[in-house]
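Two complexes, one shared chain (chain A), two partners (chain B, chain C).
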Partner chain A sequence: MHSLVRSRLFWISIGAAVVASLLPLWLSAYLLSVLTGAYYFGVFAMSWDLLFGFAGEVNFGPTFLIGLGAYSAAILNNQYHLPIPLCLVAAACTALFGGVLLAVPALRLRGPYFGLVTLVAVLLLQNAIVIFAKFTGGEIGMTVFDVLSIDATTNYYYALGFLVVSAVLLTRIANSAIGLILQASGQDPVEAAVLGFNVTKHKVAAFCISALLSGLAGAMLIFYMGAASVDTVIDISIGVQIIIAAILGGRRTIVGAAIGAVFLIVATEFLRPLGQLNTFVVSAVALAVILLLPDGILGFALRAGTRE
Partner chain B sequence: MSSRPVLEVRDLRKRFGGLVAVNGMSFDLHAGEILGLIGPNGSGKSTVMKLIMGVERPSGGTIRLNGEDLAGLPPHRIARAGITIMFQHSRPLHRQTVLENIKLALLPDSLLRLATGPEVDRNARSIAKRVGLGHAIDRRPGTLPFADLRRMELAKVIARDPKVVLIDEPFAGLTLTEIAAFSELIRALGDEGRAVLLVDHSVRSIAALADRVLAMYLGEPIARGNAEEVMSNETVRRVYLGGELQPIGQNSRVTADAPSLLQIEQVRVLYGKAQALDKIGLFVRQGECVSIVGLNGAGKTTLFNTVSGLVPYSGTIRFRDDDLRNKSAGEIARAGVVQCPESRELFGTMSVRENLDLGGHLLPANARARQLEMLFGLFPILASRQSQAARTLSGGEQQMLAIARALMMNPALLILDEPTLGLAPVVIEQLSKALGELRKTTPITLLLGEQNVTFALPHADRVYVLDHGRLTWEGGPAKFAEEMGQGYL
Partner chain C sequence: MQGLQILIDGFTISSLYALGAIGFTLIFGVSGVLNLSHGAIMVVAALVGWYAAGDLGLGTYFGSVAGVASAVALAYLTYFIVVRPIQRSRTISKEETEIFVLTGTLLWGIMIQVGMAYLFSDNPVTMRPLIAGVTDILGVRTPSNEMLIALVCWLAIALLWLFVNRTGAGKALLAASINPRGLTLLGYELSHIYWLVWGIYGVLAGIAGVLLASFLGVSTGNAGQLTASAFSIVVLGGLGSVSGSLIAAYVVGYLETATAYLIAPTLRPIPALILLVMVVYARPQGLLGRR
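Presenting the complex of A and B:
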């Protein structure tokens, strides 16, 4: 039964990737640009699901990690004119370093405190960027000199490739022995410890992977958009959207988080004619899905499939 | 047995705030030996187990495994050293199969091993077969009957290949045939040379299995020996039953024609598939003290929670001619049925006074002041501790506060669930005096659940015996001492 589910998920993912790679044949540059942003967003959501769905920790500050990556890349490119590949490596390292600095003390706390610490971290980063405006561009944001590409299709394939690689990597981890230990740690840390697992070590490792991918995705995103600003990569509301996307898609599914992210971004874009109402409608739909389908879109689809 | 013990526990201590849970426990465990650790609820035996496993940090003492002191290490280090535990309640991975759950216990604590080798799979399958789960390896834990879930937990224990195995209430919730099968599996652990510590509240259930038994009470060891010796030990009988039963010529102040305040008819409660209460019928008259006696697990707490509206049931419960069926727990409490639960449920970080004020929040100010004054007269110690945080009180003081808080609601019927749980004899005596005083000075009606019969009998006008969810006896306290006194434990 389990292998059937896994293969069903596997084939759905392959199918989705093939369709996604063919989309530039039909879609306009504008629609491709919407999807490009959505794919980066999907990586944010998948990284978050590794922490929440598997390690059982609610990270309220995914944008702390994303922002660290995005801003370190932007500063290195803008101030020191480092080439993009170096900036990306540095961004991933900074996010990883910041993530470890945050996670090691925070994961020792019990109950809801981990989540609260991550929430405060976002506010700290946001304030730091405003305070050191000379260096960071402050509230206005900062532009980067280099961009990944000026061609919409090329940008689209960069994002899609990154999404697919991240999805494969994260799914591989989630289905491995470490994924099993992480789930046990998330569900019942005492039981996991009693089986001989260092729960903190495994959770920190999950946080590191999440931080690395989030930081890298944040940096890729700004080299796609050509600018970094607090509103696009750090603001709390971005973090909330990531969380909604991951839950909407389906907890503990990794791929579901990406589906939720694409759904959320594309729906917001399509409802743009509604003006201010569009966020409201999308949020209402998200709320309804979360209340009615607690397993998310993908969780529901997989369960409906196995019940037949 | 003359060889060096695998596990040596010396002078183990644990304090929780003002509560002394474990107070100088020492014992040895040899390879291949099965030791039973028994004690009534609240005696600290589960804490001893958690201290050995590292789930709780000891306040003092040593725990040596083959000579190496493990006290104070985190649980994963202790697990790796060779000790493992089987909890009474476990939360398996529900999205994984039984086989994967067993495999989990076979995995190394490593971040680099993404894939598991074929030997892990083979090993997990053979362990599943050994515990009798061969037929269910591809099922999810959620679809398994309770006994098979316990088998899965045992499989995880075996998978750890431990030197010392700790098992909490090995037979709770199992049927007689399942108990026989489980006993064999546990004995096999001993035959392989592992040391086994069984923790249970009754000697009877582990008597056949344990080589030696250690009884504890109030965090201290009180008797050692084989099961029979411990069972007939005078101190053990006293802590379970509360000492010699004295026939009491209690002058009942309630006449037989007093109106009944609480009426329970044909009440049944199901926990999942298990029958927790079966066809319970009883009544409590106005002003009476009715005692429900029964050992742990007999269903006393379930019965009280049913009356308090916390558990779904079938049958009828009437209070003053009102059917309580569709009333919420809050409405029932406001109507005058107040429970002082076994677990006390104090607000630990709030002060004594705040706990009491919360209990009396529905009373008008002057009535509340009067009630408070009455209670401080009843429990003078609480008056002097008003500003202290509730969790820093000693066990006896916490129990007094819990009763006082319940009384602040000015109940017509007070339900007391095991008020003597884990308390020293001196404190139990104080409590008994306060209860007598309360009955003398107020018109309160009491429903008292107790395992400690000696505490319950002097207060009781009538006694019901509850056993495995059924009422098996009812009558006056004098008759109880005559008829039930001997065969009760």
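Presenting the complex of A and C:
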């Protein structure tokens, strides 16, 4: 039964990826650009799900890792004119460092305490960027000289490719023994340690993978948009949206997080005529999903599948 | 001179922080809920108070009462629409209740914030001072309103203390925060306790919101910041510990005021945040926490 679900999810994912790769044939450049942003957002949400759904870490600061990656890439490109690939490597390294930085308190603190530390990490990063405005552009943000491409379709494929690679990587990890050990140590670290698993090693690894992908996605996003600003990659409201996306899609499913992210971004875009109220409607829908379908969209669909 | 100024201004802002944070910690202590819509509830109290006092012509005092009443109503709505369904849900496992309450109240807070911005716009509003005039304290000209605010905060805190320590219902509340199962065995209905605690929470958050509007002014954009500062103060003091929250509120309030006066207003929140990380790291249960 379980393998049936797994394979069903597998085939659905393959189908979705094929459909997504054919979309540029029909969609306008505008809709493609909405989806491009949504795919990067999907990577953010999936990386968050690895930490929350599997390692059980309440990370309120996904934008700390994203912002570190995005801003280190932007500064290197803007100030030192490094080429994009080098900037991406540097972004991944900085984010990795940030991941280790977050992993240290995560090993000592639990639940809301760790959540608060991650929240503070975001606030401190945000303040640091405003204070060192000379390097970072402060509240206004900074532009980058190079962009991935000026063609909407090419940008779309970059984002889609990155999303698919991240999804495959994260799903492989989540479904391997590492994923199980992470779940065990998230639910009961003492018992997991008693069973002989190295909780520390696995948790640090989870933080590193999550940070690496978040930072890389953040850097790709700013090279797609051509600018980095606090409001687009660091602000707490962005972090909140990532959390909502992951829970909406279905926590502990990885792919669900990406679905939730695409749904959230596209829904926000289509509700734009509502003006200010679109955030209200999106939050209300997300709240209703949490109250009525706590397993999220994908979790609900899969459960309905197994019951047949 | 400047030192005295810091002492006076810091005292008022710290008292407001204390009042805001005590409700937050009370709810956590009694029902284990971290209510992330806290800031939004304070903002609603401020906006409703401002609107009732000005546009509805109720005057400052009745406007303030209306603001507090709206916060109480909203606290009950938060409990019955968001918190209780999550706590009673069969599909959400016990270990995950906490994160669902966090996410649920967060979303609820965003809804309130955006809804308020839609109704009242996101311009900051300032309530008229409760009393006019300026008092001279050893050469520092202080608005009398500022002193009244600190006084009201302490009055509310003192009343809460009397209620919890000197009345039967208050003692039941205290017992519920220590051992809810034991209280049930003694024949108390826990749902009554929850009614009571959310009501008290609404009153405290409402008073804090209205006073904040009268002291610094409030806009819907402040909701997140208010929640974050209440959350940090409560964690710094120790989750569930009322006296810890009081101490932490003064530490944070004075640290922020001193930074703003002596170093730079833009750096205002930073030392407090760094202190918070250090304390949480060295002593995860906070200053006076018990878990």
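Following the convention adopted for this analysis, the second predicted complex is superposed on the first by the 304 of 308 C-alpha atoms of A that agree within 3 Å, B and C clash if a C-alpha of one lies under 4 Å from a C-alpha of the other, contacts with A are read in each partner's own complex, and residues count from 1 in each chain.
We take it that a contact is a pair of C-beta atoms (placed from the backbone, for glycine too) under 8 Å apart; a residue touches a chain by one contact, two chains touch by 3 or more.
Computed from a prediction, not measured in an experiment: that's the story for all the values here.
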Task = Determine, for the superposed arrangement built on chain A, whether chain B and chain C clash or fit.
result = clash
Ask   = Given the touch rule stated above, what does A:Ser283 touch, chain B (first), chain C (second), both, or neither?
value = second
Task = Decide which partner touches more residues of chain A, taking chain B and chain C as the two options.
result = C
Query = With the two structures laid over each other on chain A, which partner does A:Ile140 touch: chain B (first), chain C (second), both, or neither?
reply = neither
Request  = For A:Ile14, select first, second, both or neither according to whether it touches chain B, chain C, the two together, or no partner.
outcome  = neither
Inquiry  = According to the stated criteria, A:Val165 is in contact with first (chain B), second (chain C), both, or neither; which is it?
reply    = neither
Partner chain in contact with A:Val117 - chain B first, chain C second, else both or neither = second
Message = Quick check on the superposed pair: does A:Gln187 touch chain B, chain C, both, or neither? Answer first, second, both or neither.
response = both
Request  = Could you tell me if A:Ala29 is touching chain B, chain C, both of them or neither one (first, second, both, neither)?
outcome  = neither
Query = On chain A, what residues does chain B touch that chain C touches as well?
reply = 187
Key: Touching residues on chain B, where the partner in the complex is chain A   = 53-55, 74-76, 79-80, 84-85, 87, 90-91, 93, 95-97, 100, 103-105, 107, 109, 111, 113-116, 138, 156, 160
Key: Residue numbers on chain A that touch chain C, as the complex places them   = 52, 58, 105, 108-113, 115-117, 119-120, 123-124, 127, 130-131, 187, 236-237, 240, 243-244, 247, 276-277, 279-280, 283-284, 286-287, 290-291, 294-295
Task = Flag every residue of chain C that touches chain A in the complex, lowest number first.
result = 34, 82, 85-86, 89, 91-92, 95-96, 98-100, 102-104, 106-108, 110-111, 114-115, 117-118, 224, 228, 231-232, 235, 239, 266-267, 269-270, 273-274, 276-277, 280-281, 284
Note = Per the touch rule above, chain A residues touching chain B in the complex are 1-2, 172-173, 176-178, 180-181, 183-184, 187-188, 190-191, 193-199, 201-202, 205, 252
